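Next come two complexes built around chain A: one with chain B, the other with chain C.
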Partner chain A sequence: MPSPQTPPRGGSAVDPTAVRPDIDDAVIIRVEPAQLRGRLEQLKAEGASMLLDIGGVDYLERTPRFDVVYHLLKLPTRVASVDSVATPMRIRVLCGLDDGQTLPTMSDLWPSADWPEREIYDLFGITFDGHPDLRRIQMPVDWEGYPLRKDYPLRGPALERTPRPDFALKSNLLAGTPASGKTAAALAKQIAKIRGQAE
Partner chain B sequence: MEVVPGTQFLLARVDDVARWAQASSVWPLTMGLACCAIEMMSVTAPEYDIARLGSEVFRSSPRQADLMIVSGRVAQKMGPVIKRLYDQMADPKWVISMGACASSGGVFDNYAVVQGVDTIVPVDVYVPGCPPTPDGLLYAVNLIQQQIRQGGRGGILARA
Partner chain C sequence: MTTTPAPLDVVKLGENKMLLSLGPQHPSTHGVLQVLTEIEGETITKADPEIGYLHTGIEKSAENLFWHQASTVIERMDYLSPLTNAMCYVLGVEKLLGITDHIPERAQQLRVLLCELSRIASHCVWLGTGGIDLGAISPFFYAFDLRENILDLFEASGGARMHPNYLRIGGLREDVPQGFLDRLDDLIKKFPGRMRELRGVLQKNPIVQDRMIDVAILSADEAVAWNLTGPSLRGSGIAYDVRKAFPYSGYEKYDFEVPTRDEGDAYARFLVRLDEMDQSMAIIRQVREKLVRGAVMIDDTKVGPPPKEAIALSMEALIHHFKYVSEGFRVPPGDVYQAVEGPRGELGYYIVSNGENRPWRIRTRPPSFYNLQVLKKLAIGELIADMVVCIGSLDPVFGEVDR
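Now for the complex of A and B:
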């Protein structure tokens, strides 16, 4: 039975970059997986010294299904004027790929790509070729499935709440009947008894 | 417990004395999981002052702790860690499930969060709230103390 919380398959999957207006200080580039490595190497050579983050997007109904987004920052290497200091350049590189396709790792170009790539692998199941240590980073190591995929059930594979154990199974030293409700009354009685005898 | 008439002696069962001692120094484990931990920290501060109950000594080692306060949502990845800490605590030991998330998963009805810490460790007192007030937690410690004095266990909802 599919989870009632599975997002509707007929939902519109609009690529926001297609409708978004240009951003003043950011360049948005879309490249094919085969060109990704070369393009990013070129951008780094041109001064995009920081890889701020890598994001993943699942559009589910779109082809290609996934986008991997590289956020680059180009800082001015030399202070030419106040203006150039105030306008570092941001570059956003989008790369679409389908389930089963892989991307080359960027962790040798920017060490900051290491953990974001692991995160995308962990949550979207996108593999990065050549990554030195492609393990899950957030989910437990034995987790199955990729939770941020749109077709992943929100409650996980189990689909139902975990059943509660019986309180009678408690294995503590002072096992006994639950004291609920009787506790306060019994305590008051005990106190009254002690006080009465002391007087 | 009774006073022997005409003397200065008290007569009591060893069990009662031991329970009185246990109940008067319930040492919690230093373990904050989420925002409930902020309220848990404030019970140690002067305004609420859990020292009045003898529980001000938060132990950083489970070997020295009597009480586990599960103060926040338990991620699936944290579950085995909680279980391990509980197992490392010496008997007798008690567990307070603090807040909606620890008790039932709360608003996090999803794959990432354990739907109630009682699926992992036995819980003695549940404190409702999101987060519970420090008074609520103090009351839960009170209930734990009452349980210890009585020798009963289990499944109490700390309801005012």
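Now for the complex of A and C:
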């Protein structure tokens, strides 16, 4: 069960996708949820035969909150030599959506979309309309919450009871925030104590 | 809260038809896989793999570690070839950092060398356990003996046999020790003989041929539609190999072939993997010949920690070391998809950075996850006894499927 521990703070309001033209790893296309189905159908008709992967990203403070990322590969079928495969084109389709919005399933276009869509449903809580068998895949069926969301805690209740000094919980601080000066204060106190004894 | 009743081992569905739960503790499932199988007589009519028994939240853990720490958990995904996972991750982060062109030549060569060694080691496990699935116990010892030699090399280079965490962002942790290359030469020398033994006990074995030929057939179109990669795709006749299509770490400099077979059955996938082991050794031989001398870590103390010797002598080195350990380094914002050819297929990482010292998101494209998914299609119409051949020929690793 998810613990009531406060989730890690700090979010990203920026969108780091498609800001690095120097990394030329794929053709990047951003679509709205309503256009997604049509666009992917069109790409498949143009020869994107493989839906390599579907992944989810939670940007927490951004609107829309989630990105669902489709990695496509234009791989020709019926080829037996390395030369005829050459360098197939990679296409990355990003689709932003908010909590509560749904996406159409791709499992009828590419049968391989079945499991990754179930995984995104399981770990992010994004629903795919028309999926034949949308249920949890990694977590137990009676699990509550969506573990890969950024507001889901990293540690469970068992560890929460273990007293830990503040600096050990750096992972719960906003990345880049300096540690709370408690460690330094404790150290200064110790030094003062030792000096006091010496005098 | 909903609960589903635990599946019984065997449920009778009607005349001649029953539901059989294979696993999750079945030795031939190569991990913790449960396959809910509907059989009519002895023929499989429906197979539904249930995964997730090994889910450890590696992607979530990696988001909460520094960039250079994340590779330790990432190596645990595909525990049979940890170096391939680390390779893919460090290449992706190096692209985000924009330092891909500054990685020393020797580091790139040693990375290729170690990745090919881990491919052979991984195929050895598949060969050994695949043989056991079919009732052949002896090949297991031949295969694990060969793997043992490779694990010794990993131990010499990184200090650990299974998860050396030897590849670092910017290069390698340190150079290979004295005597490493001599041991590698020994391995190169005895490898052809070992392969002859393995091929002798398995490839020409009539029992193996009976069990594998014309079992679990997958056409090229089906393999593409079901998103298969690696030996499972090449066994269906498509010569897609990330090392050739999107060369990384200098693979374009080595001369090797991509073995393919047109039959698409379990035996074809078996032969492709055997041929791949020979090709991997060909690459290793070329790397050994071309291996240059020099540094193995990028000359940028923001990304890579300074050498240990420098810390005692230089104040700056000490400061850089302290910053590296306590705070890590920041990676410019951006997203990247990096893929490498793992022993099981295209292993990819979609890495998103928001400019902080921790990755914002690391999404894995696990080849085993997709290769295993095809079992729903592959097993239908096969005999229940051939289920182990279907699973074995796809070579899933559950650390990677469940992550």
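In the analysis below, the second predicted complex is superposed on the first by the 127 of 199 C-alpha atoms of A that agree within 3 Å, B and C clash if a C-alpha of one lies under 4 Å from a C-alpha of the other, contacts with A are read in each partner's own complex, and residues count from 1 in each chain.
Note that a contact is a pair of C-beta atoms (placed from the backbone, for glycine too) under 8 Å apart; a residue touches a chain by one contact, two chains touch by 3 or more.
Note that the structure is a prediction, hence the values are computed from the model and not measured.
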Residue contacts on chain A - larger count, chain B or chain C: C
One more residue to check, A:Leu154. First (chain B), second (chain C), both or neither? both
In the superposed arrangement, which partner chain does A:Gly56 touch: chain B (first), chain C (second), both, or neither? second
Please indicate which partner A:Arg90 is in contact with in the superposed arrangement: first for chain B, second for chain C, both, or neither. second
Scan A:Gly100 for contacts with chain B and chain C and give back first, second, both or neither. neither
Name the contact category of A:Met139: first (chain B only), second (chain C only), both, or neither. both
On chain A, what residues does chain B touch that chain C touches as well? 138-140, 147, 152, 154, 171, 175-176
Of all residues in chain A, those that touch chain B in their complex: 138-140, 143, 147, 152-157, 161-165, 167, 169-180, 183-184, 186-187, 190, 194, 197-198
Can you list the residues on chain B that touch chain A in the complex? 1-3, 76-77, 80, 91-93, 105, 109-112, 114-116, 118-119, 122, 143, 146-157
Chain C - residues contacting chain A, complex: 1-4, 51-52, 55, 57, 59-61, 64-65, 95-96, 98, 220-221, 224-227, 229, 237-241, 244-246, 257-258, 260, 262, 332-338, 346, 348, 350, 352-358, 360-361, 363, 365, 369-370, 373-374, 377, 402-403
Which residues of chain A touch chain C in their complex? 8, 12, 14, 16-20, 22-23, 25-26, 49-53, 55-58, 69, 71, 75, 77-82, 84-88, 90, 92, 110-112, 114-116, 136-142, 144, 147-148, 152, 154, 171, 175-176
